[in-house]
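Chain naming follows the written order as A, B, C and D, and within any one chain the residues start at number 1.
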Amino acid sequence: MPPFFIITGIVTLLGAAFAMSLRNLVHCALAMAVAFSGIAALYLQLDAQFVGFAEILVYVGAIAILIVFAILLTRSGEAPEKSVLTSGWMAGIAVSAMVFTMLGWAVLNSSAIPKETPPAPVATVKNVGDALMTKFVLPLEIIGLVLTAAMIGAVIIALKEDSQKSKSEDGGQQ
Amino acid sequence: MTPLQACLLISALLFAIGFAGAVTRRHAILVLIGIELMLNAANLNLIAFWRFGPHPEALTGFIFVLFSMAMAGAEAAVGLALIIAIYRHKKTSNLDEVKELKG
Amino acid sequence: MFDKFDQIFVTALHWLVSFLPEGLRPFVSALICIAFVMSVFPGVFALTTVLERKILGRIQNRYGPNRVGIPFTKIRLCGFGQFIPDGIKSLTKEDIVPRAADKVVHFLAPVVMLVPVLLAYAVLPFGKHMTITDYDAGLLFFFAVGGAVEVSVFMAGWSSRNKYSLLGAMRAIAQMVSYEIPLILSAVTVVMVVGSLNLSEIVKHQNNYTFGIAHWHVFTPWGLVGFILFFIASLAESNRTPFDLPEAESEIIAGYFTEYSGFKFALFFLGEYLGMFAIIGLGITLFLGGWTSPVSFLTWIPSYLWFLSKLMTIVFVFIWIRGTLPRLRMDQLMNFAWKFMLPLALINILVAGIWHYMAADWPRWLVCSAIIFGAYAILGRGLMQNQNFGKRIYRYAE
Amino acid sequence: MSLIVKYLWLIPVLPLFAAGIIAVNKQPKRKLAASLAIGSMAIGFLLSLWAFAATLGHGEGAFREVFSFNWIQFGGPEPDKWMQLGWVLDPLTAIMLVMVTFVGMLIFIFSVGYMAHDENFMRFFCFLALFASGMLGVVIANNLFLFFVSWEIVGLTSYLLIGFWYHKPSAAAAAKKAFITTRIGDLGLLLGMVWLYAETGTLNFYDGGKGCLESGALATMLTHATIGGMAVSTMIGLLIFLGAVGKSGQVPLHVWLPDAMEGPTPVSALIHAATMVAAGVFLVARVYPLMSVGGIIGAHGVPVTTSLTVITWVGAITAIFAASIAVAQNDIKRILAYSTVSQLGYMMMGLGVGGVAVGMFHLITHAFFKALLFLGSGSVIHGCHEEQDVRKMGGLKKYMPVTFAVYAVGMLALAGFPLFFSGFWSKDEILHHASLWSVSKIPFYLGCTGALFTAFYMTRQMGLVFFGSYRGHEEKSSHGHSAHDHSHSAHSAESHSHDPHESPAVMTVPLMILAGFAILLGVIGTPAWPWFDAYLNGELAELHIKFSNLTESAGLMGASALIVLGGIGFGWVLYGKRQRKTATEKDVLEAAQPAIYKLLENKYFIDELYEATVIRFNAFAAWLCDFADKWIFGGAVLLVKYLTVGASWLYRLTDENVVNGGFDVGCGSIRGSGGILSRLHSGRVQTYLRIIGVALVALIIFLIWGRKA
């Protein structure tokens, strides 16, 4: 196992851990961006170049920014005075520890894991594009539909509900 | 430990961290971040199995991750819109203060 | 002979590396390339700062810097030595961090700004065989690392704990997110026609000549529209006039880097200019034939010189626009991006598809131009119709 | 099958769609309504021309193509007995299609001007388009059932349009009268239809030898005898003719048609002159094979049967009867209405004595000139500010020159002015055949007298309306004088501004087109070139100016020309040269023969007769029914009511105490258990997520354990 892999893995996990444990939400979001960058680096090392770049584009470029915007819009940029944890947080930690234990145990003891490492597969942009346009063209279309629906839905949910008010505001915008 | 197992362990730990955050933190946006982390753990799994699996030329896991990322984008957009809508209503984003939907 | 001259840097790199053992070669080669980028483009940056001041001075009917030459000599170089004292001044000024600032994030912001900008140069073909890493998905890489700049802008604006910083950061992010879409969509046309995300492939596709004129994409209807859209979007992405709202000094002082001074300010300044060069370089690569020559009888001029001259020409146009156009208002900016550029970019993709599938004959010129003209006329009309120059009504924050 | 036959249904369906679209529009979009209706008629007209062209040029036998499809399945001896619907294209259909769509289109255009200021413009065009759809359906139907449905649509729209200005009590009453009177005739048609189906098992007119108008079915019907030894075919024919009597306003069911003039004038022109009332004639022409079957072939190859004889007599009586009433009427539209009734009588007579071609020829020419006259009268009424009394008009020649010219053309055509007007040729054809009728000569004499009356009353109308001086002011100014003496000058100035005026081009242009046709149409049916006759019979018309042919008809033509000229001259002497001075002055005829004039003016007291007999009987029957309803059925209903109330009271007792009690207990226990369960749902998503995590652990354990085992 190359050392670089270990380093990226640790950076990713640290980023994730900080994202989940820091008090200030903006710091959490930034730590999340670090974690996503680390995952992108992991993808690159797993010879999935396209997915790696897409990960950065989608998560760091879009979702992180979106979350940051949401944080500022809900005025939670400051660390709260009260506890940041829920009342039953210890049970939650216990459950997640159990989940990790079970998963790790399953991974280490699984007989389905192949022993030898196969050669790096070829996933050029052309191959991916061909696959998307032939074998996976229907899922691609459906994803397009889902994204459109999600966009419209998000806009409608986030719209102001008070129509009278929004009308006057529209007038003000022009 | 094979590389595949290393990837799977990283992904399992990532999943557990995301899960712990989603379960313990009060703020809705952090829950969303936790969910995103869990989703990424799953994606890492898919890529790892694609890379070390028997049929990488089929690109199934690879394409699945692309789709899953698109879904994550949609999910984040709708989720954040919901959080903003809830904040506008109740002036809070803490999940334990949003509990109208109970029996 | 000319060919050797063209490939002089490549040959030199190979020659240097050949002295090393096999295992170290990629590593050292990468280091040399990084050193190359880190030295050349900041140099261009230094030159551009002086150039910008001089050109702006000329446009505004004043002199601009014309005194400083080579230090400790009497050579004045028309003031082109100005960058040396400027740089020394920036790097030695006191670094002030506001007391309320989030110090870690405040410190990290300029770094996070500079790293992706420099990374972007990794995939640009500066000349023939002069691409540092020839990624298969080079274009995607470029846009991916470009997205990270927004994070740094947010970090800078938020961590300063200053309302002007935050406002500037929000403006910048909104603007960059909005204009990234037409930027990417106009690049998609090129990808469709070339059939590759690899930037070297894209340049190679334009390196053909008919009647002695190169097949640059800008010479096609969709390419022209794509280039203009790309150009406008890159103006906005690099926060240049008339899209310099994030740094509008008359409104919000200096935007997200209001609270930065000294070295960090210099880093932001450098990052902005390097980002501008990178995006111009991408535009050149996509539409203006990269390092190729426009006419076949000038191919003997080295490719990197072509690239550099195109880069400087566009930079000059940027400066020219800065000296000429006034700043837009926020709503105009958004309207322009979403109601004009986005639809036009989408129609342009359609046109590129038609171009790709029609026979290479004059009808496709006619059809493509007709569609684009129609779309432009309708969208332009729609944009102008919303221009309501009535009394301005202000909307206050809740 | 030619393409046009396949798509013949488009002609009635297009106006139907237009009507639907107009009906569902909430906002008053006048332009849309008018252009939709006119556009659908224009397209229908083009299609009709195509259909017409398709029927031309068939030398041997009449062109006839039918299209039928299964509509509903219903009981019968065979398991798959289908009611079929369908349409037919033959010369009869084609000529009617062209006429209806063309005249309809012109009248629609005219209506745009006439109804311009009406607030219910949309409704008007909706009804008009619906009417056109029904009428075209009548024309193309190849099936008595489809015919009947369209026929009823036509009746309904007629009702709606007569009562268009329903806020006027007279209009509402007229609408009801028209609807109920024609219903009597429709009952006959329905009975005839049912009987026909019972006899032949089909309602298709033509169906490749199986239709009810084809030789097989006709022969069957002829052999069956019924009451009084009459053949079934005769009885069915007479029942169907009853429908025609109702719709075409023949005696004794003519009473509704003059009253129908309460509707807007374009409606009168389209429905109550040109098309709908002609539908009765068309019906008889359509089932002519049924009417004529088994007849003795008389002169000119015209069969004589009982039903045709009845038709002839009814027609002849109607012709003279209505013409004589028209002489003493003063309402401009009422005169034309009686004229219509009279002309319809001529058509019936023509059918009876001369066959399809004779009756139909008069139908077509009459449609044009009567539409022209009605629209002209509409133009006059419009110009005189909704004044309909001819006594208050006069001298309009000066004010409305275009209307005068076209009205004169219509009048001469209707009167049958020799040689140049279509009415002359078609009427002459009828009289010619009547003179040769083998049963009796009386219809011929009746027809000749009717022609004299026709020429007379039309001249009277022309003289009163267009010649002399305008009499509209005097009443108004005298009225003003008596009521507001002090403002006399102001009133006279005002009334001066109420001079009659010429109508706009949208109204006069259709009039001119119609006038052109009123003159030209005569060409297709002259004895020298009987194209129309030949076309309907599927022969090639030849121009045969044979001397013998001319001498044969020349005598009669001369006689009828003399009659017409006599009528016109008589009328001119009485009403043209000698103009009445005031509107209130007594009529010339009234002064000479007050008793007869009163009889005629009151339409032979037919309405009063009906009032005294039919309506009184009806009222008695209604009273009887009311009585029975109140006491006999009402008592039964009350009884049932009290029984039901008692039963439900009992039921309520059990329901409240037994059923509800048990249900409440069940509900309580369910609510209690639900409350216990709801504790688990805290409303906090993270709790749920935690449970999901536990479940995930359990799942992994389960999977691994299952694997090991």
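Following the convention adopted for this analysis, a contact is a pair of C-beta atoms (placed from the backbone, for glycine too) under 8 Å apart; a residue touches a chain by one contact, two chains touch by 3 or more.
Just so we're clear, the structure is a prediction, and the values are computed from it rather than from any experiment.
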**Prompt:** Using each chain's Cα centroid, which is most distant from the centroid of chain C?
**Reply:** D
**Prompt:** How big is the gap, in whole Å, between where the Cα atoms of chain A centre and where those of chain C centre?
**Reply:** 28
**Mean-CA-position distance for chain B and chain A (Å)** = 6
**Message:** Suppose each chain is reduced to the average of its Cα coordinates; what separation in Å results between chain B and chain C?
**Reply:** 34
**Message:** Need the CA-centroid distance for the pair chain C / chain D, whole Å please.
**Reply:** 79
**Message:** Going by the contact rule already set, what residues in chain A reach two or more other chains?
**Reply:** 50, 54, 62, 69, 86, 92, 95-96, 99, 103
**Message:** For chain B, give me the residues that contact two or more of the other chains.
**Reply:** 19, 23-24, 95-96
**Request:** Mind pulling the residue numbers of chain D that touch at least two other chains?
**Result:** 684, 686, 689-690, 693
**Interchain contacts, given as pairs of chains that touch** = A-B, A-C, A-D, B-D
**Fill in**
Note: in the complex, chain A contacts chain B through residues 1, 5, 9, 12-13, 16-17, 19-21, 25, 28-29, 32, 35-36, 39, 42-43, 46-48, 50-51, 54-55, 58-59, 62-63, 66-67, 69-71, 73-76, 83-87, 89, 92-93, 95-97, 99-100, 103-104, 107-108, 113-115, 117-118, 120-123, 127-128, 131-132, 136, 139-140, 143, 146-147, 149-151, 153-155, 157-158, 160
**Asked** Tell me, which parts of chain B touch chain A in their complex?
**Response** 1-10, 12-21, 23-27, 29-30, 32-34, 36-37, 40, 43-44, 47-48, 50-54, 56-57, 59, 62-63, 65-67, 69-78, 80-85, 87-88, 93, 95-96
**Asked** In the complex formed with chain A, which residues of chain C make contact?
**Response** 102, 105, 135-137, 140-141, 143-148, 150-151, 154-155, 158, 166, 170, 173, 177, 180, 195-198, 331, 386, 388, 390, 393-395
**Fill in**
As the complex stands, chain A meets chain D at residues 86, 88, 91-92, 95-96, 98-99, 102-103, 106
**Message:** If we count contacts the way the header does, which residues on chain D are in touch with chain B in the complex?
**Reply:** 674-675, 677-686, 689-690, 693
